[in-house]
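Below: the structure, in structure tokens.
Note that the chains are named A, B and C in the order they appear, and that numbering of residues resets to 1 at the start of each chain.
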Amino acid sequence: MRTIFERGAPEAADGVFPACDVPEQGAAACLGADLVRTSPPRIPNTTETTVVRHYTRLSKLNYGVDDGIYPLGSCTMKYNPKVNEDAAALPGFANVHPGADERYAQGSLELLYELTQLLQGIAGLPAVTLQPVAGAHGELTGMFLFRKYFESRGETKRTRILLPDSAHGTNPASAAQAGFSVTEIPSNARGTVDLGALRAELDDTVAGIMLTVPNTLGIFEENILEVTRAVREAGGLCYFDGANLNSFIGRARPGDMGADVFHFNLHKTLSTPHGGGGPGAGAVAVSERLVPFLPVPRVAKRGDRYQLDWDAPQSIGSVHSFFGNVLVAIKAYAYVQQLGDEGLRAVSENAVLNANYLQERLKRTYALPYDRLCKHEFVLSSEGLAEGVTTLDVAKRLIDYGVHPPTVYFPLIVHEAVMIEPTETESRESLDRFAEILERIAAEAREHPELLHEAPTRAPVRRLDQTAAARTPVFKFPFDAE
Amino acid sequence: MRYIPNADADRQAMLRSIGRTSVDELFSDLPESVAKAYRPVGLPPRSELEVVEELTKLSARNEAAERIPLLGGGIYDHYVPRAVHHLASRSEFSTAYTPYQPEISQGTLTVMFEFQTMVCELTQMEIANASMYDGATALAEAVLMAERIRKRGKVAVAANLFSHYRRVVNTYAWAAGIDLVEIPLASSGRCDFGRLPDGVSALVVQSPNAFGVIETLAGLKNRLGDALLIVATYPLALGILEPPGAFGADVVVGEGQCLGLPMGYGGPLLGLFATRKEHLRQLPGRVAGRTVDVDGRLGYTMTAQTREQHIRREKATSNICTNSAHCALSATMYLASIGASGLHRVALLNLEKAHYLAARVEKNKSGTLVFDGPFYNEFVVRPKGGADAARERLEAAGFLVEPPQAMADLGVPDALRLAVTERRTRSELDRVADVLGGKR
Amino acid sequence: MAYPTAFRYTKEHEWVKIDGNRARIGITDHAQAELGDVVFVELPTVGADVKQGGLLGTVESVKAVSDVYAPLSGKVIEANRNLEQSPETVNQSPHDAGWIAVIQLSNPAEAGSLLDAAAYEALIA
């Protein structure tokens, strides 16, 4: 498919903007000649019809949750309700400038405040900030909170963060970006944190631990209370990565498990759309001792008025321009309001049932490194499927069957990993169909492996040369080439 | 249950197939004390209709949406062609995941490639990433990148950055152990580049700056030694302003809300990040690259991923994963919809209308412009009779304007910053000038 | 590919060709096969001092980054600039044209701790 740069017309239609209704002086007169742009950007002029056809055609080369099952482990690609989209698009919400005086933005402020209250309830923690705009951003915020907390106590030796070897890459990256060093704790044979290894690391240089609960294998840390107790007794703090909240929402609260910081991924658990890579929202809940350090401004309620509170002398400062991704928060708010407690409980029940149902069926055909009760996701391996057939081959062949592949090659502690998370919004029929396809592919792997090696053959493009892309990078349209 | 397609009969059958009798058994791995400690939030389920009514009422409590904004400071009231809304809301774009499987993500990836190209064209830089969260964190990450490259422990920052940019940079720099030294201001509203600090990894300048004034970037790069020149800019203004790339900037960042996004009470936003090819390995964030498939067909894929967290972990150039992809998509569609000539047109409208208002204000003697430097579509005025009173009158007349505290925080007391976009009509501007001067 | 008996090897899959008190270093055929197509090599700085076991540079494929460790202590006196233009040389000729650096040894006795070809082949079997 051509890019928009190849669809230009020199004389393009106009008509979006009106004529200038004030006397024109000209750019040079307003700015001085040397500030005026000399060469125009090579953005094509074209017609609305061309633009609409171009992007409509491009959209058909994509695959969204609206197209079918999206079983990506740890991504919680559940159905995105349409009412959420319309709520966020209400002009009263969309057309408000963040600098507007608080008294003219009471609707947004009330919603933000009420959402923080709801998230506090879901987390079982006393305070929430909506300022972080992604999970990793929430992690970074949490790491900043750790830093400020220990700084306030003069405990400057605490420079290490512990995390399990199954941790998502953003965890160590966030810790490092906040100025910590990281120490990996090995997982035991059951796939959970090795308590002995953890205790051996706990000393006065440890700031805390970063855990994903349940972990990235989809397994709940049965020793979670011992883990958090041990860390707290050693003077450290506990960070819980909430990417997998879909597995216990409505049934358990991280605050009751010993979490000091917990981040939500509104674009996972709370159904806001993924958008091809964002925008998300990474609300962060904290325990009492971290409240003074929360980013500013906070959203507060005084009487029946909502306001922005800047009075926090020990705050870490700000991590985003204003109050977070407000329009994304609106979608999450609408979702929680519809579901209520009953609906939230049904989410985790059905998510976990769907995952265990699939795991039970698929373990007959694929290797299951940790054969035990899983939560909302589980990890298979394609090792042993057939000689010379890899997880990559299986993933690409799934595309030929019109299904988005699961997460592959993560977590790193499983070879040829396939991480599957169906979510609660898939029907039994959809799950059965997915399992059938994976079983067929396993059979093909034995009988006709070339079908996997050549896959995909039914996608808009076939396997792309990643090596060439990395060795001779082309990151923008080559206007100057022939 | 809403959005859950399985009925009780399905669930029973599924439980039987896994040898369980109740769903509760599936949660036996939760510690008993934790399960017992659970408290519901206290929310009943509600119908879609009720939720729509509640949210519509809430949105109506935002009187700001009915008023005329003279607010700027990085976020602006620009017009977005309707086609952008329709195209961006196609669910193939909005409900897709990050394009880790490129063969079925050519829609997302092609648009990423187009976006990167457009950012390079606007800024006149060599490479751009697929977006950051917002202009403020893009700027903070530029500071971190410069420090990784030069390792001097110190960065110089202009005193006239947007307050919210400075706040975020302060937080990120504190955590990274980077000292910030300030570049003082001149009476023109621009930086005083007379004596530049040495031993810094970078110099951070914003242009147009927080006062709306355009900085003198010409010749600056040559005076910095090997320190990086980081410029934060207003992307839409680059339709008419000479871009930072033309002045030798090493990194250009900006807030892309002006390119087709609603103001949204401050989020989601769109961080632009562009730099030189030689800094590719230190670039934060995702990039899409062009390549071919096994049949020689052109296609796009995420590349240079070894910089990123999922591979490099604690050694990654940034922890960023989810960014502002869908906003970048809207921005791409916006720019495609208006084209270079539309961009020039709208950029010029902003300039002319702002200058018209400023001229009226001065002619009426409604107030004095605080700074004499050239400005784009925002300027700072000291109103006749005081800023507080002027703001009251403007609000009574249906306008929205920042409190004088905003400018006082930047060292300019008793003043108001006014922003003008292509949406402000001549009669609105005449009214502003009158009200500013004391008329009600 | 045979592992040259004249070379010595490390557990981290580097090879060393010692010549007097200089040593040429690269990664083994096993290492390049594990990595896949090499797309970038981060070379050490000429003039830098390295300790045995210290980080010398990195070799990157599309999906992974592999650290290259110094098998012996010394000063880097040459780095293979050809790899900047042609990183694929590491795949095509890992034991020869795909060399990464030459070190002037500061403690030649350290060579005693390295594996010989037979021991390395046993390790990767």
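Basically, a contact is a pair of C-beta atoms (placed from the backbone, for glycine too) under 8 Å apart; a residue touches a chain by one contact, two chains touch by 3 or more.
All figures in this text were calculated on a predicted structure; none of them were measured in a lab.
Visitor: A-B versus A-C: which has more C-beta pairs touching?
Guide: A-B
Visitor: If you take the mean of the Cα atoms for each chain, which one ends up farthest from chain C?
Guide: Result for the farthest chain: B.
Visitor: Point out which chain occupies the most central position, where each centre is the mean of Cα atoms.
Guide: So the chain sitting closest to the middle is A.
Visitor: If you average the Cα atoms of chain B and of chain C to get two centres, how far apart are those centres in Å?
Guide: Distance between chain centres, rounded to whole Å: 45 Å.
Visitor: Measure off the straight-line distance from the CA centroid of chain A to the CA centroid of chain C, and report it in whole Å.
Guide: 39
Visitor: Could you grab the centroid distance between chain A and chain B? Build each centroid from C-alpha atoms only and quote it in angstrom.
Guide: Each chain's C-alpha centroid was found; their separation is 19 Å.
Visitor: Which chain B residues reach two or more other chains?
Guide: 303, 311-312, 315
Visitor: Can you list every residue of chain A that touches 2 or more other chains, as numbers and ranges?
Guide: 466, 469-470
Visitor: Going by the contact rule already set, what residues in chain C reach two or more other chains?
Guide: 40, 60, 62-63
Visitor: Would you mind writing out the residues of chain A in touch with chain C in their complex?
Guide: 409, 466-467, 469-471
Visitor: Can you check the complex and tell me which residues of chain C touch chain B?
Guide: Residues 40, 60-65.
Visitor: Report the residues of chain C in contact with chain A in the complex, numbered from low to high.
Guide: Contact set of chain C toward chain A: 36-37, 39-40, 60, 62-63, 87-88.
Visitor: Residues of chain B touching chain C in their complex?
Guide: 281, 303, 305-306, 311-312, 315
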